[in-house]
Amino acid sequence: MQLGVVGLGRMGRIVAGRALDGGHDVVAFDMDEQAVAAAAEVGAEPADSVPELAETLGDEKRIWLMVPAGDAIDAVLADLESHLDGDDVVIDGGNSHFEASVRRAESTPAAYLDCGTSGGPAGAEVGFSLMIGGPEWAYEELSPVFDAVATGPAGHDRMGPAGSGHYVKMIHNGVEYALMEAYGEGFELLHDGRYDLDLESVARTWNNGSVIRSWLLELCEEAFAEEGTDLDTVADHVAGGSTGTWTVQEALAQEIPVPLIYTALAERFGSRSDGRFARQLANRLRYGFGRHEVARCE
Amino acid sequence: MQLGVVGLGRMGRIVAGRALDGGHDVVAFDMDEQAVAAAAEVGAEPADSVPELAETLGDEKRIWLMVPAGDAIDAVLADLESHLDGDDVVIDGGNSHFEASVRRAESTPAAYLDCGTSGGPAGAEVGFSLMIGGPEWAYEELSPVFDAVATGPAGHDRMGPAGSGHYVKMIHNGVEYALMEAYGEGFELLHDGRYDLDLESVARTWNNGSVIRSWLLELCEEAFAEEGTDLDTVADHVAGGSTGTWTVQEALAQEIPVPLIYTALAERFGSRSDGRFARQLANRLRYGFGRHEVARCE
Amino acid sequence: MQLGVVGLGRMGRIVAGRALDGGHDVVAFDMDEQAVAAAAEVGAEPADSVPELAETLGDEKRIWLMVPAGDAIDAVLADLESHLDGDDVVIDGGNSHFEASVRRAESTPAAYLDCGTSGGPAGAEVGFSLMIGGPEWAYEELSPVFDAVATGPAGHDRMGPAGSGHYVKMIHNGVEYALMEAYGEGFELLHDGRYDLDLESVARTWNNGSVIRSWLLELCEEAFAEEGTDLDTVADHVAGGSTGTWTVQEALAQEIPVPLIYTALAERFGSRSDGRFARQLANRLRYGFGRHEVARCE
Amino acid sequence: MQLGVVGLGRMGRIVAGRALDGGHDVVAFDMDEQAVAAAAEVGAEPADSVPELAETLGDEKRIWLMVPAGDAIDAVLADLESHLDGDDVVIDGGNSHFEASVRRAESTPAAYLDCGTSGGPAGAEVGFSLMIGGPEWAYEELSPVFDAVATGPAGHDRMGPAGSGHYVKMIHNGVEYALMEAYGEGFELLHDGRYDLDLESVARTWNNGSVIRSWLLELCEEAFAEEGTDLDTVADHVAGGSTGTWTVQEALAQEIPVPLIYTALAERFGSRSDGRFARQLANRLRYGFGRHEVARCE
């Protein structure tokens, strides 16, 4: 199959490469000419612009967008609009909000697949997990490409109608935040607790046969191997949070409790704050009712 | 009534003073001679030691202990033991663990009242709230003293048998932690949020007629009045935690969820930690699966 | 001052009544004719429609809206629009979202005050707490009416520009959820824990001098007095949640952790769910890894 | 190596079997004669009692205890005591509290290894993860047996001195609770949320390449495959909780926040309660301040 790939960053490069490895033809475009050149070197046909990419693809275009969520997607779709019709298929493989994907599915002339993509750069070797929403025929049509980009047939599926792919990916990320924090709590207790432990050994032992073995735990093991058991130089500051925020917002809208996901998200917020006002007030209130001495800032 | 008071610190001094004001005779002892002299100045009879205090009181001794929870209580009880019999009443007005109070009630020759005392130094004017456990006759016998030390008859009651006074006080403190943190979250959101607000004005407006008016909120108002709306010099470090820990331990034993009380307690622990290992690990894991840059310590 | 009051439900009736008691003239309208008649009986001038009410008020109209948040407010404002100019003042005393109030302040020809109102029906006697946003001149102009409707001058204040009144009220309600849940955890532990306690006595003792005394705790005391210490016939189902949801949404937008407010809100959601899927899955997973027997639904 | 195995239940049977498969000689005892006979059938030498098992082993006894934590362990150790000396090694492979293991290590005449064992019955095929505390020589000595019982050399390690094995296993279980609840929140939101989804498909897609792939997620996939996407007949009641409780108790003692582990544990408690008193009180309080109707029990 001939596949257009727009966006050749960390993730788009892998999509193009795995599609090529799977025997598909790839036409590739990125704002960054060097990224296009790099894709060409591994076998992709380079395009100079989105319209040129569309023209190259001919009828029954299949175009995979791997650009940052938000305005970038809408800009590419605007460039594509006059080139698309109902026989074409556009795939948004980024982290778009599911409601934006529903809106784009309605306004795009082509069939539109929202494709939640998990696995990160590691997916270059093992393949991604692809959660896909949109018309069934378009999903079936693209299955050979999904087989190549994912871990294989088991690594992708159609979740449901428009938006459902990004919906499932959003919640995947909410769960991811909570899993990271759950392991974090455990290792913090091991690190600051009663015994002097080698956390790489703990993680390795757990990864071989325990109930809590997982890929994230393998990444913990790798982190302790590379950084040392104390993570000495690693700051206690956690960036990110948009998909987790979306998950909590959706849970509020659905009136479904997600206390672990919320707490993991709030922990990130807390990690980025210089001083916590609530703590200052609690400190002062203890003086108010109990005349406990107020700790002061230097 | 003649009342012995052992322990003339911040709280014991108030017990002695309010008993005197209520027309009772007070025999007072403290390790600190100056504290004894100060009590004598306002009308108490000074004692040089615990045994001397016991001797002075004669038969049907009524002795209020206001000493730090733990070994100090046991030391005073050891000094008293040979002077006590079943007609005497000992009151532990401190923050003892309820199980320690049950044990002491069994081993002390006198009737033993465990008396949870809330209100802090402010109780000097308005009186304390007294939650009392132990034999009914002893509670009834001491009621005139409790009337004087509490806010009046409505400010004290017998909760139940031995230990129940300190049990109710323990849970009171657990609730207190959660209330402080609840106000703290609200004021943090007001302070760091969308508008530039005068938090003293907010607290005053709330204290006059709102659903969430309370004494703690009056203390917030006072804090903003005295420290400024930014609590500039107040550190974000919250000390204390023993009674909150006991509350959570008891809730674990009873298998009853107390997530707000737990979270308020954990927030104190978090405020006292230099770096949170769980955060360091989450920071590093985001590199592991997504190649997000790792923020480093300087 | 002459004050128009639109909406004579539980809260509007109190606003009209307290304004009348404070010596102001009131012109009153409600969709329900009986409510208007009742207001007329206590001294208000009745109006048959919103436009008639506006006409009656003449120049420099001061109109207090006490109608349900949402479309009802916009409907009244649409009826008023042609009658208003920049010398007039409209007050929204309901639970509107602060962003809706900012929008209405911009589109309404009159000065617009968003007024968060706390205290509930109990405010009939003690007066309300009023948190007010909008132009300073309008707030000053209406102060005599606010003095009458609130607990007095200390019970109302201008928080800041448009929307700030409802912003502060929104957060007030978030704190309210957390306070209720904090007391709830304490009383649940007292009720289901180690001693057989009289919760009315506990609440009364706490309300007289303890650190956690508050109006909500007085309402707990009243609840135990009226319902019995077991709250036998009271369902474990908590309605409501919109202002708490808004508070959490705003905290997400501001990236400020509010774990107690979130947990109290989630607890309401959980109380309204027949079966919790997460629990079903955990039950089944324990079989998956440990062959623990799966409890089944009958 | 010759290995005694005491306790041939679900887990002990696997230990004996894997040791035999690894080429070791096994002497086996259990209170249940049928369990002993079954072990004999697969090649173990049967013993009629703990003392007989000890006698059979001769000098340099290596004895693996796989009996329920608590009194059962102490009973076996009492039976063994006169047969042991410092050249012998006893392994406790159960879920003992780490402090009990420290105590037993001190009072047992043999070298004592506390061995946290994870993997459950599934370990019959893949092997267990073994976290081991105690003297280094004893751990080295037993390594061939650990190689056979674990997934291999990577599946076991010495964590540190006495108690550290069970300490790490305790925290492993705390993390396990939080992971289960994290997946549960995600699947609950998927199940009760906006789309009609096939959760087996979601789990399978995630298990193939996503960041959150894990053994627990494979068990989720299996659960949906076997029970259906609605888990129709599975009760929302989660048993267990002792090791999670220990983890939270240790975190309290160490003053380390573990909000996700705590919340997951509290969720189990909540799942086992008929009516939540805190919810009843909140329901009633909403009437107290707002005259909201009180939902009643039928």
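The chains carry the letters A, B, C and D, assigned in the order they are written, with residues numbered from 1 in each.
Basically, contacts are C-beta pairs under 8 Å (C-beta built on N, C-alpha and C of every residue); 3 or more make two chains touch, one makes a residue touch a chain.
Just so it is clear, the structure is predicted and the values come from calculations on it, not from any experiment.
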{"item": "Label of the chain whose CA centroid is most distant from the centroid of subunit C", "value": "D"}
{"item": "Classification of the subunit A:subunit C interface as same or different, half of numbers criterion", "value": "same"}
{"item": "Euclidean distance of C-alpha centroids - subunit A vs subunit C, Å", "value": "40"}
{"item": "Centre distance in Å when subunit C and subunit D are each reduced to the mean of their C-alpha atoms", "value": "49"}
{"item": "Euclidean distance of C-alpha centroids - subunit B vs subunit C, Å", "value": "33"}
{"item": "Interface hub residues of subunit A, defined as touching at least two other chains", "value": "119-120, 181, 183, 185, 188, 192, 211, 215-216, 256-259, 263, 267, 270, 289-290"}
{"item": "Subunit B to subunit D touching residues, read off their complex", "value": "211, 241, 245, 248-249, 252, 255-259, 262-263, 265-267, 269-270, 272-273, 289-290"}
{"item": "Subunit C-touching residues of subunit D, taken from the complex the two chains share", "value": "10, 119-122, 180-181, 183-185, 187-188, 191-192, 215-216, 219-220, 222-223, 227, 231-240, 259, 267-268, 270-271, 275-286, 288-292, 294-297"}
{"item": "Sites on subunit C touched by subunit B in the complex", "value": "98, 118-120, 123, 126-131, 150-152, 154-157, 159-161, 163-164, 167-168, 171-172, 174-176, 178-179, 181-183, 185-186, 188-190, 192-198, 201-202, 204-217, 247, 250-251, 254, 256-261, 263-264, 267"}
